[in-house]
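The same chain A turns up in both complexes below, where it pairs with chain B and then with chain C.
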Partner chain A sequence: MVLVDIRETKSVKASDIFLQIRPGKDFEVITILRALVKEQPVDESQVQETGLTLEQLQDFVDRMKKAKFGVFFFGMGLSMTRGKHMNSAALLTLAAELNAFTKFVAMPMRGHGNVTGADVIMRWQTGYPFAIQFGRGYPRYNPGEFSTVDLLVRGDVDAALILGADPGATMPQPAIDHLARIPTICLDPKVTHTSRLSRVHITTAATGISAPGTGYRMDEVPLPLRPALKSPYPTDEQVVRRIHEAVLKKPDWLQQGNRMALNQV
Partner chain B sequence: MLRITGGKVYDPLHGIDGQIRDICIHDGKVVDSVDGGRTIDASGMVVFPGGVDVHTHVAGGSINFARAMTPEDHRRTVAFIRSQTTRSGLGGMAPTTFATGYLYAGMGWTTVNEAAVPILSAKHTHEELRDVPIVDKSCCVLMANNEILLDLLEQGEMERARHLVAWQIWAAKAYGVKAVNPGGVAAWKWGNDAKQMAETVPGYTSLTPAKIVTGLAQIIDELGLPHPIHLHCNNLGAPGNISTTLETMKSLDGRRAHMAHLQYHSYGGDDWSTMRSEAPAMAEYFNQQKNLTCDAGAVLFGDTVTITADGPWQHLLYKLTGRKWGNLDVENETGCGIVPYTYRPSNLVNAVQWAVGLELLLLIDDPWRIFLTTDHPNGACFWRYPEIIQLLMCRDFRQECVTQLSEKARERVHLPDIDREYSRFEIAIITSAGPAKALGMPNKGHLGAGADADVVVYDEDEDIARMFGHPRYVIKGGEIVIEEGDIRATPEGREFLVQPSFDREIEDFLRPLFEETYTMSFENYPVEMHRIERPEISECIDVST
Partner chain C sequence: MSQVTLRLKQTPDVPLEAENITPDVLSDLPHDEIRALKLQLGKRTFRIDEFFEVEGERSDQVELHGDLKRVKWLGRGMTRGRLVVHGDTGMHLGALMKGGEIDVHGSAGDWVGAEMKGGLIHVRGDAGGQVGAAYRGATVGMKNGTILIDGCAGLETGMRMKKGTIVVGGVVKDFGGLQMKGGNIVMLSGAEIRTGAWMVRGTIISMLPLKLLPTFRYSCDYNPGFLTLFARQLNRLGVSLPVSAAAGVYQLFSGDCSVPGKGEILVWQPH
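The block that comes next holds the complex of A and B.
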């Protein structure tokens, strides 16, 4: 196992080789690796900037090519730092190109909870994984514009329904402040940062412990969740269904007949 | 209750070829007569049984991966706006689930067979199928690269293999069995492929693709599945692959099989520059093999995204196009690759592919044995079927399209010499009656008493693509779902399953193997019945040869 990071983490012990690179140099390292895979010349001064030596990088490339089956696991250190999605794209390209020599794949490490499940279902229902805007009656996608955090920071949100997450603990202060300002409803088995700032907190049964459901694994394989305990509280699903039924009783504001937008704007 | 009166009816199963007939519907079924209820005056209109898609990819891990890979296409495609009857969604190369139901029904198709489901992620596929409204559904489980099964086939343990196959079908809550590039996908996990029918699959000592194909076909016949082995041959897409395909058909030795997307398996030539159509040779052989059915897997020019469990082929396509490439390996079972692709008339290979699909449809003489598909989204998106119907029904239009091809391409194909034009009766066979029969669904694809009341009413129109693209009425299970271009109702579809019998002892064999090699517990592996929306278990049949 080769570990690439900007600092020594607990994973170093488990790895055979640790490559410590300079912060913000992920894209450069990956691009040099791509060049070396294709046996292209690389500029010594650019290698130096990464904090690694040419020997280290060449050795890494040789190992990858010799592997029978290689996997890149990557996480937010790559996708949320300088270069963001460009870093991920470069790594995916490197994995694709390595397949000219051996079997290689790349797989993102996901956050807590059922992030993958949410991502998978949003994709089949709307085509997009997150940052989806239904304001025009059909799904639109633009991370940075329609992501939850951006909408909250800009104060574009009038009300919030939060389940399976605790943004009050992780989001930047302006976003948290806005959540506290607007009617926020939180579904959670326990008291969280978000539940404390919510106008309404509905206690629900914990999925997988006292409520059934499906969790999607990091590789998108679904696993059934079987409750071991009984809960006096309703499940998230039951609560959302009841809210939905109540909303349906309101006068319908939706158009009659169907419309299609032939040209999205 | 509903009566459709005065229309020209095309019901090939009952030999009705445009005669004026009344269709009466009660309780979701076609009946001999009804008293009262609504009447649709279909005078001057054309009445078909609802379309049946024998091979498409609309739900599950691979198409959902394709959706993730193509946000730029979602932006430029048609969008469904939320209304009182419909959910929002997007059309395009890989439509979202709700939109998939609306698009199929909007075109008059009422039954679809999702052709490739890994057992490991079958729960995902069924969850997506639940979200495809209106149409009835079935699916085929992927098997020819399942390592536990391959080991049994290599050891010649046919009896145990049969119990395993039956157990796996029920575990996946599937309707049929799909074999993709037998042995090749398993080999791909080690960066290899299996190209020759008689060559040992990498990683095995005596197992060949031919042995996998015949073993599985045999087992499926013994189990009496209503749909025979659904076969995606080895060597897909490669120049000269007709020899592999013919060899596969010969190895079947009279056993039943459905050959998926035959277009991709009917090429001559030695390399990309000499690739040519071998559709006439394929059709000539196929015409004699009454045990076989096939679907066209036709190609249309334009943008699409290709997805298949054929991992090695997708890697090759990625190398050829230099575009995006996604690859999924599904543990010990199968895998899949995803590559966005544009078919161009100016491209020699694409031109040959386009011609081969149409040539097979025109040269295979029995419409009951070749069906209209594009292997959606691989050859083209399913919502382009009306364009293919036009190409089949109108020789002049076809010849006009041929002129788009380069002179070099025209020398490699046979389309310019083919004069056949499909009749409406034949179109009703290849889009409905034929695929329903091949799937073994006795209540689909016809309008006789007892049939599911899935009916399409078209306005007669000189513009064939417009006529078949915009039915006036679509009735699904007796309910009017499309009327005057509007989606009126979005009932849930049913899902067809089979439950072949197996010995429970197979679980004792499977459990230890499973716990050793899989990453989930054995109890979590099968799809639970409650996940299936409106399941309908079809009877197994007696297949004696």
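The block that comes next holds the complex of A and C.
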């Protein structure tokens, strides 16, 4: 196991090789690796700036090529530094290109909650994993334009329904400010940063503890969850269904052709 | 000369999608039908005259006034005429356009001239990210045409562009010319980091030294012959490039060898 990080973490003990890179050099390192995989020359003086030597990287590439089945596990640190999605894109491209030599995959290490589940369901329902706009009755995808954090930072939405997440604790301040400004509805079993700033907080049963549901494992295997306890609160699904039924009773302001989209929900 | 003038009454709360505001649509319509054209606000459609004061009819000379930061898709796919905007515009300005001219006296949002095939876009202020880029999932960005940005440009300028010219007067943010496949990007005030990342072909010309990726190699100092012609062409658009060997020389860097690509980055070095 090769561990790549900017500092010595507890995982170092479990790893065979530890490569400590300088903060914010993810994209550079992966781009150098892509070049080395194809046996292309790299400017050695600039390699030093990443915190690693060319020998270390060449050795890493040789090991990856020799592996029978390699996997990159990558965490959120990759996409939170300068370069953001392009750092992840770089790693995915490297994994794709290594398949010219051996079997290689890349798998994101998920954060808390059922993040994989949200991605998987959105994908088979709409074709896209996130940042989807339904305004015209069909899904449109454009991260940067329709992604939650960008919409909130620009102030492009005038209402929000937050479900199974706590953006009030993780998003940048302008996004949090906008959530507090607009009517925000929060569905959560507990009191969270988001529930405190939202106009309405509906307490729901905790999925997996007092409500049934499906959790998706990091490798996209669905796991049914059986509740151990009973809850006086409704589940997330019941609340959303009841909101939807109430909305359907409202007078119709949709244009022709969009009715279909509504009835399919 | 007749023209259609649209004045924004007030800035909408959420983005307004206005792909109908193009010279192609407005040039054939009488006044009443222009007023009845549709705009998309959130999930609902509205008439243009609910948001804009409309003057004039049947003209491909269109003038817009007001703070249009939340108005998207202006001049989408236009093929002719002229669109002048006095104020800032929203995303997708002149996306997919094939001809004609857009002149913005203000700043523009992301995706200016995305996947455009021809025509001229001039933004006098700053532009957002993905200027002349390919939409997510598409392999090719702008295929021809010219984009002039007087101010700064955002992330991923010219991403996957195949042909055409982008000139940026201010600083270009990270990933300028990302995965470029052809065409030219001129950076008159240099760029931040990762310029030309993963470029396959194409030319990036910078007037200031750049911090390049380790996968770019210095090749030589020279004064390329084609630049004389290119500078003459840009001169007509009000952009001047130094070409005289007496004044300086261009450093050529080639890459990005991680692809491996045959792109070139020319960095001006005055004597």
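What we mean here is this: the second predicted complex is superposed on the first by the 254 of 265 C-alpha atoms of A that agree within 3 Å, B and C clash if a C-alpha of one lies under 4 Å from a C-alpha of the other, contacts with A are read in each partner's own complex, and residues count from 1 in each chain.
Everything below uses one rule, namely that a residue touches a chain if its C-beta (ideal position, glycine included) is under 8 Å from a C-beta of that chain, and two chains touch if they have at least 3 such contacts.
These figures come from a predicted structure and were not determined experimentally.
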| item | value |
| --- | --- |
| Contacts of A:16 with chain B and chain C, given as first, second, both or neither | neither |
| First (chain B), second (chain C), both or neither touched by A:141 | both |
| Which of chain B and chain C A:120 touches, first, second, both or neither | first |
| Contacts of A:35 with chain B and chain C, given as first, second, both or neither | second |
| Which superposed partner A:103 touches (first chain B, second chain C, both, neither) | first |
| Touched partner set for A:69, first chain B, second chain C, both or neither | first |
| Partner chain(s) touched by A:83 [first = chain B, second = chain C, both, neither] | second |
| Footprint overlap on chain A, comparing chain B with chain C | 134, 136-137, 141, 254-255, 258 |
| Chain C residues touching chain A - in the complex, by the definition given at the top | 13-15, 17, 40, 42-45, 70, 91, 110-111, 129-130, 135-137, 174-175, 178, 193-194, 197-198, 212-217, 256-260 |
| Chain B to chain A touching residues, read off their complex | 59, 61, 64-65, 67-68, 71, 74-90, 92, 94, 96-98, 120-121, 123-124, 127-128, 131, 188-191, 315, 318-319, 325, 327-330, 486-487, 519-520, 524, 528 |
| For the chain A and chain C complex, residues of the former touching the latter | 27-28, 31-32, 34-35, 38, 40-43, 46-47, 49-50, 82-83, 86, 134-137, 141-145, 156-158, 253-255, 258 |
| Residue numbers on chain A that touch chain B, as the complex places them | 68-69, 96, 99-100, 102-103, 105, 120-121, 123-129, 134, 136-139, 141, 214, 216, 220-224, 252, 254-262, 264 |
